[in-house]
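Should a chain be cited, it is by its letter among A, B, C and D, assigned in written order, with residues numbered from 1 in that chain.
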Amino acid sequence: MNPVNYLYLSALLFTIGAAGVLLRRNAIVVFMCVELMLNACNLAFVTFGRMHDNLDGQIIAFFTMVVAACEVVVGLSIIIAIFRSRRSASVDDASLMKW
Amino acid sequence: MIETSSLASGALLANEGGGGLHSTAASGAFSALWLVVGLPLLGAVLLLVGGKRTNPFGHILATALALGSFVVGVLMFVTMLDKSGPGRSVDQHLWTWAPVNEFQADIGLHLDQLSMVFVLLITGVGSLIHIYSIGYMAHDENRRRFFAYLNLFVAAMLLLVLANNYLLLYVGWEGVGLASYLLIGFWQHKPSAATAAKKAFIMNRVGDFGLAVAIFLMFTTFGTFSFEDVLGGSATASDGTMTAIGLMLLLAACGKSAQFPLQAWLGDAMEGPTPVSALIHAATMVTAGVYLITRSAEIFDASPDAQLAVTIVGAITVLFGAIVGCAKDDIKKALAASTMSQIGYMILAAGLGPIGYAFAIMHLVTHGFFKAGLFLGAGSVMHGMNDEVDMRRYGGLRKYMPITFVTFGLGYLAIIGFPLLSGFFSKDKIIEAAFAKGGTSGWILGAVTLLAAGLTAYYMTRVMLMTFFGKERWKEAPAGAPADWHEPHPHESPVSMTGPMILLAFGSVFAGGLFALNDSFVKWLTPVTGFSHGDLPMSEWAVTGMAIAMVALGTAVAYLQYARREVPSVAPAASPVTVAARRDLYQDAINEGLVMRPGQYLTRLLVWFDNKGVDGFVGGLAAFVGGTSARVRRVQTGFVRTYALSMFGGTLLVVACTLMARMA
Amino acid sequence: MSPGMDFAAEVTKTSTGEALQFWVLAAVALIGALATVFMKKAVHSALALVTTMMCLAIFYLAQGAVFLGIVQIVVYTGAIMMLFLFVLMLVGVSSVDSLKETLKGQRIAAAGLGLGFGILLTAAIANASITHFTALATKSAGSRPVYPAETDDEALRAVSQGNVQGLAHQIFTKYIWAFEMTSALLITAAVGAMVLAHRERLVPRKTQRELSEERVRDNKQVAPLPTPGVYARHNAVDVPALLPDGSVSELSINGTLRARGQIRDVSAEAVHSVAALETAGADDDDEAWPDESDAPASAPVPTARQEHEDPDPGSGDEVGAGAGSKEGRS
Amino acid sequence: MNGHFPWLTTLAALPFVGGLCVAAVPAGKRRLAKNVALLFSLLTLAVAVVVATKFDNDGGRFQITESYSWISSFGVRWSLGVDGIGLVLILLTAVLMPLLILASWHDADEAPVGADGSAGAGRPAPRGTHAFFALMLLVEAMVVVSFAATDVFMFYVFFEAMLIPMYFLIGGFGGAQRSYAAVKFLLYNLLGGLVMLAAVVGLYVATANQGIGVDGHGTFDFVKISQAVATGQLDIDPTAEKALFLGFMFAFAIKAPLWPFHTWLPDTMTEATPGVAVLVTAMVDKVGTFAMLRFCLEIFPDASKYFAPVVITLAVIGIIYGALLAVGQTDIKRLIAYTSISHFGFIILGIFVMTSQGQSGATLYMVNHGFSTAALLLIAGFLISRRGSKTIADFGGVQKVAPVLAGTFLVAGLATLSMPGLAPFVSEFLVLVGAFTKYKVAAIFATTGIVLAALYVLVLYQRTMTGPVRPGNEKLRDLVPRELAVVVPLIAFLLVLGVYPKPVLDAVNPAVDHTLSRVEQKDPAPTKPIEQAAGTEAHTTGGSK
């Protein structure tokens, strides 16, 4: 098997995640889809690292995970804050950010 | 402060008897030349800057300075009589004004026989009118200001006639316009006075436009605008250029001298105090046009077309003024129309070339005397008649103001050309010169001048009869008089007013004879203006006879109309010609219709265009941007997912582009 | 076939086991991903995502990234996803998202863009077709990885000791700055999360006494709030009390549940069941229906309501605490 | 040239420091703030006079130069130096500034009227006065630097930076519509400035490409560029040169303002306080005309010649258009604004006819217009502040109640209509003569401007000052000593420069000759020159009689 298939899988996962971000209104689900996209990237990095016989890919994936963890922590607390004030976790409800 | 000019006299020997302005530097008594202008100017400055502090003595100071200027002028005259030939022409270079390479504008004065005549006339008549004004303006709270303006006028007028180049002449030219503006509008609280002043200034500016362009042309052609160089070089330049310069100078003269078609301001200018009318709008300023043309003799000599234009303008104005004068009931406006007509004579004469210049100036001087006298007389009459100006409300005044009657009467006789009085000699010479021009144009011009002589006699007799003879119409209240109307008490004016009138009457009687004696005046001016005898198509006596006959005819008709018949105290209905004359031959209507109204519409259109067009374009651009933004901002829905969508689209685009670039 | 292609075919070869594992788990991962997107309930989405992540962890392990694979399971699936679940519980586990699209054209555009992007990426990978794999050959041969950039002995030694050691060496030497930055980032994130989740109290907390005084002063709900229904068949707290006219009193339900709309109106059900009981009650005495209801047999249902709706003023003490605490929450 | 005392930097720094000092005065001490501002403006004037005495008319092109490295990576230097043109304009600025401060003494005491016409009057603005005078001094500093800059980039920076204090001066103090006017002013000028920035960069690139600068870098050094252009070392492609010229010219045409880029000026001048309005027309706008003369002509001589007919046409249109619109105005300040548009037409006409008379006249015109428009606007401002109305129809018969005010207004008006004896006449005549020698038709059209000038000035004077006293004007006070102290020097300058402009012309002429030689233009020779033989005898021929 050609390890390029990992990349195809990564691309598909990424695309599915992106579509999810665009389609879902629940902020938590949107967040999960973002995580999915990050994971897809990680897979690609690891695969690239393997292809080039290089640890750098893994290291970047590692850092991505760290950043993703931070992001999740902050993001979820934002969601909670919003939910507390608006009683809703729908991203469409927070539409104050317009003209 | 005074640098003497280095204009040397080396070339003078070559020029004896010739025209042109070849002069020596001012020295000796002549070095005080600048004082002639300086004294009245100093007066004006002192009185204007000094303000109220100078109120008690302002009028005395101003009169003294005007007299001082006259004294210096006489001193110059005496000195000049001592000299001979070219020595009579002097230059005084004061300071360099605005030098830019070729353009060398200097402040410099030039005195020769021609300017001498004017200096004496201006300072002489000017001083008399200063004296007269002391009495006339005694009760005006702004008398100081009046005298300041009078002094300013005298200074500017002297600068005009003493300038040694056209640019400085332009300064004086506009200076007298300013003084005239200030003095016509002296009683500013009257809207009519303010309007008249503005009108005079603006019409004069139209003339000034001509003078400015003439100076541009001179500079472009000769690289200089001093009299000496321009007039000296005028024979070498092309006819077209000279004609253009001549016509532009004529335009200037028309504006200042109230000649057709820029004559409309003079009648309204009578809103000013009467001494002003006498000095500025009769004796001196309005004759500046004649001075300009005479001074530029070489230019006009070089261009027959321009000369023809000058004579045509003069001829039209002679008749125009005379016709208007026949119908006016306002004594000052009748005199103003007469002034216009008389200046028409001078302009016509000046247009005739060397055969006429000297006579134009001669008539100018005699006219200065008698017309100033007439105006002062009119002022005296008004002074005694509660400032009434309508002659139909006069009548039989000779008993009440005998001195005024006599002096006015002498002025009257002089102006109609009564034999052996001033006007007879000067006007007769102009009529002769007109005939002497020769050809059809000579006959036409001669006929016009003769006709005008008859009309002059008619309208002046009319003025005389309506004012001093006949029934005392002022005793009855006018129709629609205000409740507090009271009968005027005509009385003779104080000495300060009658004195100048008497002196001017002397001038009116004797000046002409003195000038004509032995052709002394012509000889005096010949070095400047040149002189040539024209060939009369008939004998001199025939011309004189015809002129006297016309005068007699005009007088007789007026006598029949205004002495034998009752003069109605309200203007009766009259023929269309009379109505037209009363309305100044519709000059104002024409000006309004041709210039003012279209101008107003144009202005209004442009204001609209500026707001809606130019600014509207800019504003529209801004509104367009604003509107577009308002529409585009709706893309910002505030929904995060919409933004995410567009980001995703952008990513797609970037990736696609990158790939495409790689594949390509 | 050119020698180059031969080489490529050679070096891109992986073991059959890995291939098998890939095809199976890739399918699972894809299904998980799709489920994440399309499940109505967020909890389901989260679980589907866990599945996908687990699959990815196995892929990491399979590709030699041992450390990452473990971390993926422990940190990602274990910690981060649990965090998600916590939040979900906070926000409401059972709430179902409406999948009805509200933004016009969003779904079509998203689908189109997603499809386009997927095709583009796939095409890009296919186009870039990896003809020069440098390392797989050596790797499949079992030798240690070659690091052209790092030739010093220590690095080689670290790498040769294993994946974790290799990574550690890299992180603490080459990427030390980035690593330190992540520590700062983590701290910032932790503090940020605390700040965001923390609610600043703007006024001092009101005591129970003050609250009751306030109620009396405003003459609003002086009496305790009604307690929720206590039908044992239901989750008790989500069953609203009934007002005298038979309608439900939403006030009797916890604020959070109210906000989520998780109110279970069983009033009609109760009437229904009582009616059923009445019809059946004649022949079946065993059916558990409170004895006292037997007494006024003429109007059993209203009585039951009556009893329920009219709490005995004397029993206020029992429920008072509950009502008070409820109010404090809301 | 370094090592000497940096006079020009001092000159520019003084008002700047003054502005800072004024801003630092405690909030309550309004009077102190004004006095400090006046003191610094007088100090600046003193230094300007020193600079003038150090200037030698027969010396080199740029004098009193100084140059320091500023942004070395682009070769931008802090270079200052004056030629005659810059010198007289700096003197104008320095002379006008104390008068403006004195004239604006009470203009910033109270918060201005709100946009709805409601709030304001009477309510003190805590630091408004400080800000006003500090900004005025700041503008002066920038104007001085602009006139003295011999580095194109440096000039650009200050040319643009001027907009900032001007924006606040217009928008913070003045009439009800002031924020509209301020934004319009800013947007217009910013637009021009940004286009110019592109041209400045283009010029830099051109110098870099042709190796004018050091080490393959370009240069902004005006002297170097100008010399390179003259020697042909810098030979920009004609199309590029035209584009660059238009870029520069666009900014200057807006600033000047040239028809049809003028519509910001009437709004600005109507809404700003009189002092600020004078600041705009008498100083800031002069930077535009000055820059046309210095930068456009010398750096892009060929393009300047190519576009001269277009610019002249626009200028002549501006002369007549401005005058006609002035006649049609009902607001005093707006009327004066349109007269300025007409006068800027004359200045630009003089610059682009490229004759020595035209350009010397234009430079003199800049100075004279500064004085005449300052006098007219400030006196009109005094009048307006007394009556509280700008509408011409509200006035009438002022001459009767306030004769000194009316008299000085008339003198200022006469200066505006170019009455001989007052300063603007000389310059206007020079411009027209200079124009006539080359462009007869344009000059004749422009000359009609003098008739229209008489019309708008006298109509204004007649309606406001003469006639019976209109109700509401009976109690107008005549000029107070402070106002006289503003007006008298202005009128004195108008008179002195009217009869003896030679010192100014002597300073300006060499610079103009230099500019003309760079543009390779000579005055057309007279068609029938009068021989000027040695000893000035010569003039022989004597008419035809």
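To be clear about the criterion, contacts are C-beta pairs under 8 Å (C-beta built on N, C-alpha and C of every residue); 3 or more make two chains touch, one makes a residue touch a chain.
Per UniProt, the chains are A = NADH-quinone oxidoreductase subunit K; B = NADH-quinone oxidoreductase subunit L; C = NADH-quinone oxidoreductase subunit J; D = NADH-quinone oxidoreductase subunit M.
As the structure is a prediction and not an experimental result, all values here were calculated from the model.
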From chain B, the most remote chain by mean C-alpha position: C
The larger set of C-beta contacts, choosing between B-C and A-C, lies at A-C
Using mean CA coordinates as chain centres, what's the chain A-chain C distance in Å? 15
Cα centroid separation between chain B and chain C, in whole Å? 103
Any idea how many Å lie between the Cα centroids of chain C and chain D? 72
Distance between chain A and chain B based on Cα centroids, please, to the nearest Å. 95
Spell out, as numbers or ranges, the residues of chain A touching 2 or more other chains. 18, 22, 25, 92
Contacts with two or more other chains occur in chain C at residues 103, 106, 109-110, 113, 117, 121
Where chain D touches two or more other chains at once, by residue number: none
According to the definition of touch, which chains form touching pairs? A-B, A-C, B-C, B-D
Spell out the residues on chain D that touch chain B in their complex, using ranges where they run on. 187-188, 260, 262-263, 321, 324-325, 327-329, 356-357, 360-361, 397, 399-400, 404, 407, 414, 419-421, 425-426, 429-430, 432-434, 436-437, 440, 443-444, 447-448, 450-451, 454-455, 458-459, 462, 465-469, 499-502, 505-506, 509, 512-513, 523-530, 535-545
What residues on chain B touch chain A, complex-wise? 633-634, 636-641, 644-645, 648
Give every residue of chain C touching chain A within the complex, in rising order. 12-14, 16, 18-19, 22, 26, 29-30, 33-34, 36-37, 42, 45-46, 49, 52-53, 56, 59-60, 63-65, 67-68, 71-72, 75-76, 79-80, 83-84, 87-88, 90-91, 97-98, 101-103, 106-107, 109-111, 113-115, 117-118, 121-122, 125, 129-130, 133-136, 138-139, 145-147, 159, 163, 166-167, 170-171, 175, 178, 182, 185-186, 188-190, 192-194, 196-197, 199, 259
In the complex, the residues of chain B that touch chain D are 6-8, 10-11, 14-15, 18-20, 22, 48, 51, 95-103, 105, 107, 167, 170-171, 173-175, 178, 181, 185, 188-191, 193-195, 197-198, 201-202, 205-206, 208-209, 212-213, 215-217, 219-224, 228-229, 231-238, 241, 297-298, 301-302, 354, 530-532, 599, 602-604, 606-607, 610, 614-615, 618, 622
List of chain B residues in touch with chain C within their complex: 637, 639, 641-642, 645, 648-649, 651-652, 655-656, 659, 663
